[in-house]
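Both of the next two complexes hold chain A, though its partner changes from chain B to chain C.
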Partner chain A sequence: MDFNDEGSHFELKEIQTLSGHTDRVWSLAWNPATGTDDTQPVIASCSGDKTVRIWERSALTRSWDCKAVLEETHTRTVRSCTWSPSGKLLATASFDATTAIWENVGGDFQCVSTLEGHENEVKSVSWNASESLLATCSRDKTVWIWEVMPGNEFECASVLQGHTQDVKMVKWHPTMDILFSCSYDNTIKVWAEDDTGDWHCIQTIGESSNGHSSTVWAISFNAEGDKMVTCSDDLTLKVWEADIEGMRSGDDQVLWKHISTLTGYHDRTIFSVHWSREGIIASGAADDAIRFFVESKDSAVDGPSYRLLLKKEKAHDMDVNVVQWSPGENRVLASASDDGTIKIWELATNST
Partner chain B sequence: MVSGLINANPVVYEKKERRERPTSIPDADEYSAEAIDQLEVDIKDPEHPYSLEELKVISEDAIEVDDRRSYVRVTFTPTVEHCSMATVIGLCLRVKLMRSLPSRYKVDIRVAPGTHATEAAVNKQLNDKERIAAALENPNLVEMVDECLAPSYA
Partner chain C sequence: MPSDLQQAVAPAGRRNRGGHVPSTHLTGEIWLNAQPGYRRKEVEEMSEKFSPTLRIGDLNDFIAPSQACVVSLKGLKANSNVAKKPVKPEVAVGINRQTEPVKISLKDCLACSGCITSAETVMLEKQSLDEFLSNLDKGKTIIVSLSPQSRASLAVHFGLSPPQVFRKLTTFFKSLGVKAVFDTSCSRDLALIEACNEFVSRYKESLLSEAEKSKVALPMLSSACPGWICYAEKQLGSYILPYVSSVKSPQQTMGAIVKRHACHSMGLRPDEIYHVTVMPCYDKKLEAARDDFTFEVESPERTDDTDTMVTEVDSVLTSGEILDLIKLKAVDFKAVEESPLDSMLTNVDEQGHLYGVAGSSGGYAETVFRNAAKTLFGREIGGPLNFRTIRNTDFREVSLEVDGKTVLKFALCYGFQNLQNIVRKVKMGKCDYHFVEVMACPAGCLNGGGQIKPNQGQSPKALLQSIEAVYMDNVVNADPYNNPLVRGLYDEWLGQPGSEKAKLYIHTEYHPIVKSITAQLHNW
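On to the complex of A and B.
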């Protein structure tokens, strides 16, 4: 599909609004093991109402329903949630300073482990590709790496210090055991394990290296894992690139380089960014809008540039906190908002 | 309670005559205009038995409203340059607006340029919604905010 085809007009069609949370919805996650030929897609969402909800699409009606409400475990806001790559475990990070691990046992979600250690609000949690490591981050300025042990045991492998303010998000590289964190201190940090098994910060991307000038809220990778996009309170998206072959061969001198800044599109804080498998970057922001960007075909010799494909104004009644592409179906997107709802969308084309 | 006041002897100003707020747009939301007027009279200083208006922490001119864009910007002036209460005052202003304005409004709160030693840090904190959400789950802070917003101080 050529996004630059002049004859194509893109339109964001709302498929369904999911209501049930009684406070702002902070985040959501598609279960990566669902939505294939023989399973219906499943989404987990988390909220200021201290609960996590599990939503599933009906095979018969294709309508989404709430299948479970995970409550009475977290005592404060549940800030983020993420499924393990196998889809078997769900991790939830809460302002109550804990991270909970949930397992679906015969259709019933049970909290099988609680990870304690952070001093205060846990803001984000991420699984590595092989499901052997988990990372969490907090307002306490630290990033923790947990080793996944047999029997739902999680052992702290490292406490990473370096950020000077709260850490907003942690994200593992999609294929390699390299961890990325972004912070209220305006930086992005890259962490890797050395030969002795110690974790170190191998790169800090700050304002002086073409980085962001305010809080960095989120990070997302392209399908190949050689580019990442970050979004910020400075109203820009930034795209970064690294030599993935060099990284794979163990060269720890490989650095992420700035290749493009998408500026002038957003007028309030950008909270979420997500790169689809086919290359469409979606952003969710405090101006209630969802935007889509693609690489421009006029990309010059000095690197790729990106252009706005579509802006959906008033996608929600309030701030859009998260946008996430479906891992199963192409061009299906879920978003969640301060308005308490989750919306399922389809990015459709009308050829003229 | 706070032990050792940050500014023990603040200058207290007369309450101003309330002037008619010009409503530039015919279908301006009256509910919100009223909420904004209430903002000035209702909020008590965290340290003193005076309203923020009496201490000139906020004035009518410091509240910019754009009804068409559903946007409000509040610029307040801490009583002293090193006022450690600035973030609490800002939090009170935000909570007051959250409770009284329709949810379609976007609100930015900041200290007046040049009036606080750590202006940029205060402004950043006051506009980080995640920090605000976390603060409002802290019972001690909520109690302090509620006390400032209690209408019965006079």
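On to the complex of A and C.
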């Protein structure tokens, strides 16, 4: 898709606002196994109201409805949620220091396991591609890796120390067992397993290596997995690249290199960034706006650069905490905000 | 660094960066106006649990220059106010106007849930070398008890054997005015026998029907590691503590022997002795500071009729601090003469050979396993135990089968990660081990945070391997039950293993610690 076609005009159309949470919505996740030909898309959202809500689009009316409220398990804010790649399990990370694992048993969500160990607030949780590992991170500055055992058992495979402050997000590489974490200490860390099964930090991207100068809030990968975008309190998005073939062949010296900084587009903290399959980077920020960026064709001399495709002002009434592209439908996006709502959007083209 | 638990909670100076902070737009406004440089979303990520009053009142604490320790902030705050702009009046309300920095004792650390063990700064400040040196000339009788792990650390550092280090240290300490240098391998043998006895009775208890059981019996979790005990008390609490062995650590067992028994044969009152231990571990300092390890004695010299509180172990120095002391005194340690060892409480035989159990973290699993196999099942196990590696070398297990049935299943579980899995299994009621030797440090006590740091160019792994290799060098592997010193202690003092006296002196209790709000405010 050529986004540089001057004849196209992009517009962010609101499809529906999902109300129900009684406090700010911190995060949401599309179930990756839904939204295909024979299943309707499903979203999980989590909130300061201590609940997780499951939303599903009706096949008949195309309208989104809340199908389930997962409550009375977490005793404090649920900060993030994520579906396993198969869509069978949902992991939720809470300020109550636990991570809960939920299974959909005949339409009824049951908490099948609770992972304890973090000293305090768990901020983020991520499944690896093969669903064999789960990572969590916390205000206690640690990143934990859990091995998924048969029978919904989880064993702690590693407790990683390295960040000097609150760890905001953990994210597995989309295809390889390499873990990324970002923190209030302004760094991004890359973690990998060595021959002996021990996990180590193989790269720290800080301010001195073209990294961020303030809290790094989120990480997202492009479809190929050779580029990563990060967003920060320093009002920039940064794009990183690595030799993915080198990594696949087991070269552990492969480092992520800075290729672009998107600066001047944001004037408030950027909390969320998500890269779509077709290459559109969406960002959600503290100025209530959602922005879209695409690679610019013009300036390939010093590597790729990115340009603003669209800025949607007042997407929400308050901070946009998360933006997530639909895994099933192109150009469908969900966002969640401090205003307590979730919005479903379509990035539409109007040919002029 | 100290233990890995320590590392997990070690303070990191918090930078107070000026950054972009929107000053409108949301509920936490007053914070932002009061403190530029503070990040709004971070506040939101934790604000839900505090009342607005508390937030405003404590605001300044939060941004104090160092977040090293929640307790110290009250003191630091006063200083930081001077250095920075005057605080707005509405924020100043509720601020404790104390100007003297608050001194934190290790006892405060034990009672506080802010860190798992203690802030490193506090740990290093207290019970340091200075305190030891200042006590040398206060008229008390100084007794030093040396751990075999520290002995090994010094042996590798100086290229000596453990017995050589022991004899040279004896000369060195005595030149400083120390009366006697003892060996915690000796008290460890006593602690091991008590642990064997406790295990056998817990095992028998576990065989009773539910109705007859009076307590949770198994698995029995070892109790010698103070980092693990702090973690269990502060993070895990009441569900795990009943499984923890009630036997004191070798350090505290030595403390009880010295202050409650041996002093009498030395013609001294307990309060006339200053007892110092040398340990591979910073957390041992915290252990020594526990209220459970003090007792009252009548002081004959006092006329006001008050009792004196006596501490079993007055001071703990790490292996690294002993090296500092040697350097401080400008002693050529390798050239120091070797003195005979104080055989009263040292595992040394008549030919001058050192002896003790082989396990470098105290040999708990091995000793208890052999004893249980013999006592409960009549099986005498010759040769080394076959510990199988499960997840990694820090998680190994050994089992005994009788008539095709596994009757004993023991594990060694070192390091925070492996500890998590044991705790998780216990909590879910799925732990099928009968006994677990738990140590917070990866690779156990030889890798303790208080050991001497690697030389330049030496990897921590290579150093650890050297220490492991030298640990039993010129030390005879011996069964604690054959230790004549321990037999003597039972005969003269305790009676039988598990006796009322043994329970009084060699066993202890654990206390779950409730999390405080101040602690939760710390370090998000």
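Throughout what follows, the second predicted complex is superposed on the first by the 352 of 352 C-alpha atoms of A that agree within 3 Å, B and C clash if a C-alpha of one lies under 4 Å from a C-alpha of the other, contacts with A are read in each partner's own complex, and residues count from 1 in each chain.
As a convention for this text, a residue touches a chain if its C-beta (ideal position, glycine included) is under 8 Å from a C-beta of that chain, and two chains touch if they have at least 3 such contacts.
What you see is a predicted model; the values in this text were computed from it and never measured.
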Consider chain A as the common anchor and indicate whether chain B and chain C clash or fit when overlaid.
-> clash
Once the shared chain is lined up, is A:319 touching chain B (first), chain C (second), both, or neither of them?
-> both
In the superposed arrangement, does A:339 touch chain B (first), chain C (second), both or neither?
-> first
So, A:76: does it touch chain B (first), chain C (second), both, or neither?
-> both
Kindly classify A:234 by the partners it touches after superposition: chain B alone (first), chain C alone (second), both, or neither?
-> second
First, second, both or neither for A:95, with chain B first and chain C second | both
For A:48, select first, second, both or neither according to whether it touches chain B, chain C, the two together, or no partner.
-> both
Check whether A:207 is in contact with chain B, with chain C, with both or with neither, and answer first, second, both or neither.
-> neither
After lining up the shared chain so the two structures overlap, which partner does A:117 touch, if you call chain B first and chain C second: first, second, both or neither?
-> second
Given the touch rule stated above, what does A:268 touch, chain B (first), chain C (second), both, or neither?
-> both
Which partner reaches more residues of chain A (counting touched residues only), chain B or chain C = C
Overlap of the chain B and chain C footprints on chain A, listed as residue numbers | 24, 48, 76-77, 79, 95, 120-121, 123, 139, 166, 184, 214-215, 233, 268-269, 286, 318-319, 338
Taking the complex as given, what residues does chain C use to touch chain A?
-> 4, 7-9, 12, 14, 17, 19-20, 22, 25-26, 39-42, 44-46, 48-49, 116, 235, 391-392, 416-418, 420-421, 423-424, 427, 520, 523-524
Within the complex, which stretch of chain B touches chain A?
-> 103-104, 106, 124, 128-131, 133-134, 137
State the interface residues of chain A toward chain B in the complex, per the touch definition above.
-> 24, 48, 76-77, 79, 95, 120-121, 123, 139, 166, 168, 184, 214-215, 233, 268-269, 286-287, 317-319, 338-339
Report the residues of chain A in contact with chain C in the complex, numbered from low to high.
-> 24, 48, 76-77, 79, 95, 116-117, 119-121, 123, 139-142, 154-159, 161, 164-166, 184, 196-198, 214-215, 233-235, 267-269, 271, 286, 318-319, 338
